[in-house]
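After this come two complexes, each holding subunit A, first together with subunit B and then together with subunit C.
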Partner chain A sequence: MLARLGIARPSYVAVQRFLHAAIERNAAFDKVSEKDVAFFEQVLGSSGVISDPDALVPFNRDWQKKYVGNAKVALRPRTTQQVSELLRYCSSRRLAVVPQGGNTGLVGGSVPVFDEVVVSTAAMNRILHFDEVSGTLIAQSGAVLQALDEYAGQRGFMMPLDLGAKGSCHIGGNVSTNAGGLRLVRYGSLHGSVLGLEGSGGDGRVLDLLRTLRKDNTGFDLKQLFIGAEGTLGIITAVAIQCAPRPASVQLALLACPSFQAVTATLRAARRVLGEVLSAVEFLDQACSHLATRHLEGVRNPLVQQLQPLEGPQGGGEGGAGATHGSADAQSAPFYMLVETHGSDVDHDQQKMERFLESVMSEGHVTDGTLATSEAQAGAIWRLREGISEALVRRGAVYKYDVSLPTAVMYDLVEVMRSRLAAGGYGSDAGVLVVGYGHIGDGNLHLNISAPRYDDALLSLIEPFVYEYVSRHNGSISAEHGIGLMKAQCLSYSKGAVAVELMRRIKEVVDPVGIMNPYKVLPPR
Partner chain B sequence: MLARLGIARPSYVAVQRFLHAAIERNAAFDKVSEKDVAFFEQVLGSSGVISDPDALVPFNRDWQKKYVGNAKVALRPRTTQQVSELLRYCSSRRLAVVPQGGNTGLVGGSVPVFDEVVVSTAAMNRILHFDEVSGTLIAQSGAVLQALDEYAGQRGFMMPLDLGAKGSCHIGGNVSTNAGGLRLVRYGSLHGSVLGLEGSGGDGRVLDLLRTLRKDNTGFDLKQLFIGAEGTLGIITAVAIQCAPRPASVQLALLACPSFQAVTATLRAARRVLGEVLSAVEFLDQACSHLATRHLEGVRNPLVQQLQPLEGPQGGGEGGAGATHGSADAQSAPFYMLVETHGSDVDHDQQKMERFLESVMSEGHVTDGTLATSEAQAGAIWRLREGISEALVRRGAVYKYDVSLPTAVMYDLVEVMRSRLAAGGYGSDAGVLVVGYGHIGDGNLHLNISAPRYDDALLSLIEPFVYEYVSRHNGSISAEHGIGLMKAQCLSYSKGAVAVELMRRIKEVVDPVGIMNPYKVLPPR
Partner chain C sequence: MKVLVAIKRVIDYAVPVRVKPDKSGVEALIPKMSMNPFCEIALEEAVRLKEKGVAGEVVAVSLGPQHFQETLRTALAMGADRAVHVSSEACGLSAQGGEQPQPLGVARVLAALAKRENAGLVLLGKQAIDDDCNQTGQMVAGLLGWPQATFASKLEAAKGDPRVRVTREVDGGLEVLSLPLPAVVSADLRLNTPRFVTLPAMMRAKKRPIESATLEQLGLSAADVAPQLRTVVVEEPPRRKAGSRVADVGELVRRLREEARVL
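And now, the complex of A and B:
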C-alpha cells in the first residue's frame, strides 16, 4: 500500500543533486543583466518579457517536476524576426538560451539547467496556410498539436502524428524532438512528413526552408538536421507538414493476451490481416492497466471485472505482470493491446477486423477483447493507454526509459529489471513497480520504474545497466523521447565517436557561439 | 519526319562545350600519378583498378552520353575498409573523387567532369542481412535495386521504391540521390524508409549509422545528410532499409483523359475512393505515348487503335498534346494515366477500383480505360510509362527537367514552353517536341524537350526561363533527379543564400579537403 510506505511528492532536491553531479555551469556564458532585459523589452514589449520570479516558475520546471532550472528571464516572441533578433543578441552577449515549446518533454530538454534565457514559442501559434486539396499545413512553431489536428479535421484531414501530450505540446517541439507517438506505424516519422521548416540558427541567421513540396532534391536536406536536434542548433519558427486524409472509418479493439509471446503473435497477425488499414498497435502490461485505473479519475479497463470496490485513488494491490498477489483485479490478463484501423470503407475495414479477431482468438493469442462501438468508447480505451504516464507521476517518483529493442525480446528487459531490482531490495514489497508499455508496432518500449521516492541507490541499480543492456541488444537508448539533459552523458551507448564528433562540428556551424540549449544532447567533452 | 530533319546521334562536343563554359578544372586538385595507381593496386589488387582507356569509357560517360569526363583511373573497392583507405589517401593527395553507382542519373552527377578518380560501388553488391519478420534489409551500396526487390520478394516483402532504372541502379546511388520514383505516393521518401547507413566521409572517416531501428532519437540524424547529397560529402558503403509487405493484390488501370483538368480531377477521385490502397498515380501526355510506342520495340498503348501500319521506329507524326496533325494515332487521347493499387484483400481492392472507375467515367474525367488482368499486361502498361525516357534518348537530343509544381498548374509549364519555343522557331515543324509526364500524385512533372540535335540557341530559350518559372511558382527545380553538374549553377532558384552557405560549411566538416564530387550540387563561389 502506497500510503503505508509514506509516499510523498518526489524529492526534487535529490533528483537535482544527481542530475547536476557531473555538470557545472559553463563559465563562458554571461549572466543576464538589467541592460539585457531592457533590450528584450525593446524587441518584444514588456508583455513579452517575464522576469517576475513567481511567473517564471512554470518556465523553470518540467511537468514531471523532475528538472528544475533557475532562469531569470523568459521571452515570448511572436515573429520569426523577433526570434532572430533575440538569438543574434544572445550570441553577441554569450547568453545561453533554452527553447521551450509546450514543455511536455520527458528528458529535461526544454527547461533551463542553470540560468539560461528561456525563449518560449507560446505566443507563436498562428496557422499560416492550409491547402485543402493536398492537405499541406503551415503553422508557426508554437501552435498546439491538438488545435492543428482539429483545424485539419474540419477540412477532411488529420495531423500525421498523435501523442498523449497533444493538448499542450507545440508542433515546433514535436519537430525539434522528432516526436513519434501512436500512429508512426501507419503515417511514418516526421523525417518523412515534415515538408519544410523555417528556423533561426543560434547566431540569428534565418534559414527559410518553408516549402510544401512533396519532392524537392535541391542540395542537402538541411531541415532534417533540425528534426530531432532538440533545440541545440537553433529555434524552429514555422513548420510545413503533410496532413493525412481523415479516415472515413476508424475501428479500435482492446485485447487481452495471456503472454508477451501472444502479444508479438497478435502483432504479426495484425500486420498480415489488417495490412494497409492498420494504424496503431500498442501494448501495456497488467501493472500499467492497474496504475491507470487506480490513479486516474474515470479511467477503467473494460476487460477487467472489478470484483470489489476500489479503495480510493491509491488503494489496491499493484504488481508487475506475472506477479501473484491478492489484487482487486485478480481476473485481469498479463497484457493488453490496442489495435486500431484507419480506412476509407467501413464494410471492408469491419471485414478485415473480424477476420483478424477470429484468427488471433482461435489461435489463443487473444483471450478476451472488445471493439469500441462509439467515439466515446474509443476515447475511453485510448485514455487507459495514454493515461499511464500521468498515473505513474501521480503514484510517486518515476524513472522513465524509452528504448527501441527487437520486438521478440523487448519485454525481457522489463522482467530482467524487475528481478534485478527485487534482488537489490527494491521489489514490489518495497513499493517499487517495474512496468512496460509502448508502441510495439515500432519496436518501442517504455520501461518505467515507479518508486516511493527518488533514491540514488535505486538509480544506481538501474543505470547504466539499462543503457548497457539496450546497447548490447543493438537497440536505441532513446526511441522517441530524445536525449535532453537526462541522457546527454549516455549518447555513446547509441552513437559512435565519429558520429558524435560530426554532431559537435555541425553544431559549431549552425550555432557558432554555442549558446543553444547547452548541457543537452551532446555529452560534455 | 525525323529522318527528313537529319536527326543523328547527339553532338556530345556541343553539350560539353556548353556545360563546361563556366567551369574550369580546380587547380588545387593534383593529377593521378603512377605512384597513385600503384597505391590503388596495393589496396584493391590489380583487378580493382581500371586504367585502360577503352575500359574507362563507360565510367567516363553517362547513359545518355550527354556528360563525358576524362578520368584516368576507376576503382572498384569491395569493402567499406577499402573505400575508407582510398578516400583517406585521395584526401592526403588532393585527388578529386567521383562516386559512381549504376550511373543511371540524369544530371551528370556520377561521371567525372575532368580527371576525377572514379570510385565505383559495382563490386560492393552483397546483401548483408534480412529480417524476415520485420522486413528490414541491409545491403552493400552497390546492390542493384531490382536484385534487392527480387530477394525481398521471395520473402514476402518489396523494396519501398521503384523506378525505371531498377535493373541497373544501385541502392547506394538511390539513397545518395534520394530517388523518388513510382510509388512515393504510397511508401514515402527515402528520408523515411532508410533506417540506417554506413559511409565514409571525404577524409576516410567511417560513419557507422547502420541500424535497423524504426525509431532512434539519439542526437542529430546524420544519415539524412547523406540522403540526397549526391556523393559530395562522401561515399555510402551500406544501407539499411525498411521493406514494405508485398501486396497480396495489385491492380493497374490505364486511363484516357480528355484534358489536364480531367487528369487532376481523376487524381482527386483516386485519393478519395482508393484511399489507403492507392500505390501509384502517373500521367503522360499524348506525345509521350506516341514516342514510347514508336521508338521502343514491342511497346504499345492498348487504348490506341493503330489505324495504319507504323512506318518503322522513327516513322509517324509526333506532336504535343492538343496539337493537330495527321498522325497514325489520330484516335489517341490528350492524356493517359496509370492508377495502381496495392492491397491485402483482392475483393475489397476490386470493389474500390470499380467504384473509382464508375465515378471518374460517369463524370467524364475518363473517356476510356483498361484494367490489367495479368502480370504480363501490367508489365506492358508500365513499359509504356517507364519507356518514355529511353524513347526520348533514341529520338535524338533531349533536354530533361524534373520539377515540382502545384498539381493544378503543373501542365501549364509544358504548354507555355511549347508556345515559347514555337515562337522562337523551335516548333514541331523544326522537329522539336515538348512533352510532359511524371508522378502527378507527388506534384512531380518531367518536362522534356526533344530536338534533332543539341543546340545552344534552343537551350538559351529554355534556360534560365524554366528555372525562373518554377521558382516564381514556388516549385522545386529538382523534384527527384537532383542537382548534379547540370543544375549546380541554378541551386539558388530553389535554395536561399543562408541555406547554400550552411551546405558549404557542412561539406567542409564531412569532406575537409573538398575532394568529393567537385563541381556538383553546390554552385561555384
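And now, the complex of A and C:
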C-alpha cells in the first residue's frame, strides 16, 4: 500500500534480517487464515481485530526501530475471558502469539519475529480496585504505569516503581519483564511488591492468583514464575500491587563528580548518611550529559554553563538560561549523580541531605551540585537522566547492554569497551560513542554503544566480548531489561544448564503447544 | 539602583490539590511548598540586572507566616543581597486559620518598604498561583504613584539610564513601553528561565541573616493588612459528562433541539 502511494518502504526490514538472520521460522506453527480472523472477530468484535498493514506497523516494530516482525493480525481483547478464549484457540490451531503491552521493551521481546499473532493489552486498561487503607491497587494488565501512579497519587499513594517509559508502558508488561527502574533501591523489585496476579497460560487456562494479601503461604508461589517470564508462559491479565505512601518530603540533588571512585565514594556516603530515606541513586557519564542536552528539546544540565544562547520563546535573558551562573567550572564534569530521598518529614530529610552534601563536598567527592527547590526543577533534573535512552535513539544506531557488575569496577567495562572499539577502528572519529549510565545503587550499568549505522563488524567486536567480560566477573548479562530476542542465545552466560532445562520443562506445563512468544528468552535446543 | 523583589511561598505547582471537605478552600495532597514560579522569574531578572551592573542591590521581601523564611533563604541562594521578612502572624493574621495576606495588604507593605529602601525598581511575579489575583503589582504602583508595566516578557535597562523598556504580552501580541524609574514591573512566564541554585550558594545562604520588619517600623497598622475579602465557598467545577454517539443526522438534530436546546 505504501508503494502505491509512492512512499518507499522503510529500510528497517533489512535491519531485522541482519539482527537475527540465524533464526528460522518454526515450521510447526501454522499461518493465520481467513477462518482464524473470522473467529477473532467473533470473539472481540471487528474493532478488536487489526489486519490493515499500515495499522499493523506499530505492533510489528519496537520503539527503537531495531526489531521488526511481520504479523498479519493484532488483537485487542478487553477481558480476561477473551484472552483465555484467544489463547485456547491459538493453541489448538498452533498459531504463535506475542503478548504486547506498551511495546517499550529494549530487547525485542514484545514484537513478532515472523508472523506471530500480536495480542495487545491496550484495551485492558481499567483500574479494578483501590484500598485506601492498605494502599493495594488492582488493575487490568494494560493500564499505563503513569496513569496508575497519578490515580494512586490522588489518594496519597505512589506506584512502587518508576521508569523512563512510564508514559507508555503497561503494568502487565512491567510485571512480565520484572521491570526494575529508578526506585528499586528503595521500594524493591516487583517480586516483592506484586501481591497477586491473574493470567492465562498458553493453553487458555486462567490462573487466578489475584489476592491483595501481604502474607499468604499456601503452596508454591506461582505468581513468581510469571513475574519476569517475558510472556513466554502466558499473558498476565490483571495485577494486584502494593503501593507505597506518597512521600511528604522529596529531596533531589544533582551532583558533579571528578572520577568514578568519587562516584562510588558518594554512593557509600549516601547509604550511610541518608540511610533509610535514600530513594534513588543514579549516575551518568559526561558523554551522556552531552547526548541528552544536544538531542532533546529543552533538556539541559543545570551544572553546565550553556555556551550558546537558547532559541525560542524560553530563555529571554542572555547568557545561558537555566544554567547556574558563576559556577567555577563551566566545563562539564566527568560524572554526574542524581541522589534522591523520600521521607515523611521535610525538616528531617533536609537536615540529612545537608549533612550528606557537606560531607561529600568537603571530602572532594563532589565538586559541584544543585538541590531542586521545586517540582519543576526536580523534573528538569530527572529529564536529563531519563532522556538518555531517547537521545541515543535520535543520534543513530544503538547497541544496548544492561548488565549487573560489582559496583567498584562497573565503569571499567565502559573504558575497556571504548579502547577495544577504538583499536578496532571504531573510535570517536568513526562517530562511535561508548557511554555508561545507570542504577548505581543496584549495581546495574547501562552500557550503550552509539554508531552512525548498524554494522556487522562493529557488532562482532562488541559481542560476545561484553557477555564474556560480564560472565568472568560473575555478573548478569541482563540486570533488568530481560532476555527477549536479543539475548536468547546468551542465557547460558548467566544461568547453568540445569536451570535452563528446568525452565523449559515448566514452560511445557503452562504452555504445552509452545505458542507463547517463541524464539525469545529460552535458547533453541 | 536598588531592586525590591516580592516573594510568595505557595503550594508547589506540580502538587495535586483538592477542595477541602468544608469547601472553605483547597488543600494539597502533599505538603510541598516552593517559591511562586512568577516570583522566581522576577527574582532571576533582578539578579541578572545586578550581574549586568544595572542594579546595585537586590532585596527580597516576603509578607507571610514563619515558614516563608525558607523561601527567602532560597532567594538569598539565588543571588539576593538581603532578605526581609514581615511576619503575617505578627500582623494578626492567623496561619492556623489559613488567613493569608491579601493583595491590598501586601501592596501597602511593599509600598512602605519600597519607600524605606529607596528602591528604584519593584519587581514582582504577575500573580501567585494559589489565588491567581494578579493585583498586587498594580496596587503597589497605584499606592506609590509610580509607572507600571505588567506581564513583562522582556526588560531592558542600562546602568545609569533613568528609563527602562519593557515588552509586555497582551491579548493582541506584544506591546513595548518605556517607563521612567522608579517603576513597578510584574514578570510573566517568558521573561527568563530561573537558575538552579548551586550547593555552595545554598550552604552560604544558610548562614546569612534574614531581617525582620514590623508594621510599626513601616508606619502601618494591623488594619492596613486585615483581609478585605472573605471566601464564602470553594467548589469543584461540574464534572464533564461523557459524550454519546448518535445513530444518524435525524437523531443529532432531535437531540440538539430537545436536549441541548441550541436549535
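In this section, the second predicted complex is superposed on the first by the 489 of 525 C-alpha atoms of A that agree within 3 Å, B and C clash if a C-alpha of one lies under 4 Å from a C-alpha of the other, contacts with A are read in each partner's own complex, and residues count from 1 in each chain.
In this text, a contact is a pair of C-beta atoms (placed from the backbone, for glycine too) under 8 Å apart; a residue touches a chain by one contact, two chains touch by 3 or more.
Since we're looking at a predicted model, the values are computed, not measured.
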Check the residue A:H365 against both partner chains and state whether it touches subunit B (first), subunit C (second), both, or neither.
neither
Classify the contacts of A:Q377 with the two partner chains as first (subunit B alone), second (subunit C alone), both, or neither.
second
Please tell me which partner, subunit B or subunit C, touches more residues of subunit A.
B
Check whether A:R76 is in contact with subunit B, with subunit C, with both or with neither, and answer first, second, both or neither.
neither
So, A:L357: does it touch subunit B (first), subunit C (second), both, or neither?
second
Going by the contact rule set out at the top, does A:H295 touch subunit B (first), subunit C (second), both, or neither?
neither
Looking at the overlay, does A:K400 come into contact with subunit B only (first), subunit C only (second), both, or neither?
neither
Have a look at where A:H446 lands relative to subunit B and subunit C in the superposition and call it first, second, both or neither.
neither
Tell me the contact category for A:G153 with respect to subunit B and subunit C: first, second, both or neither.
second
Look at A:R385 in the shared chain and tell me whether it touches subunit B only, subunit C only, both, or neither; answer first, second, both or neither.
neither
Subunit B and subunit C contact sites that coincide on subunit A, given as residue numbers
247-248
Per the contact definition, I'd like the list of subunit C residues that touch subunit A in the complex.
12-16, 18, 29-32, 34-35, 37, 40, 44-45, 47-48, 51, 74, 79, 153-154, 190-200, 202-203, 206
Touching subunit C in the complex, subunit A uses residues 153-154, 156, 246-250, 253-254, 302-303, 310, 313-317, 319, 321-327, 346, 354, 357-358, 361, 366, 368-377, 379-380
Touching subunit A in the complex: which residues of subunit B?
133-134, 177-178, 180, 184, 188-189, 191-193, 201, 205-209, 211-222, 224-225, 227-229, 233, 245, 247-248, 268, 271-277, 342-345, 348, 351-352, 404, 407-408, 439, 442-444, 474-483, 487, 491, 494-496, 498-500, 502-503, 505-506, 509-510, 521-522
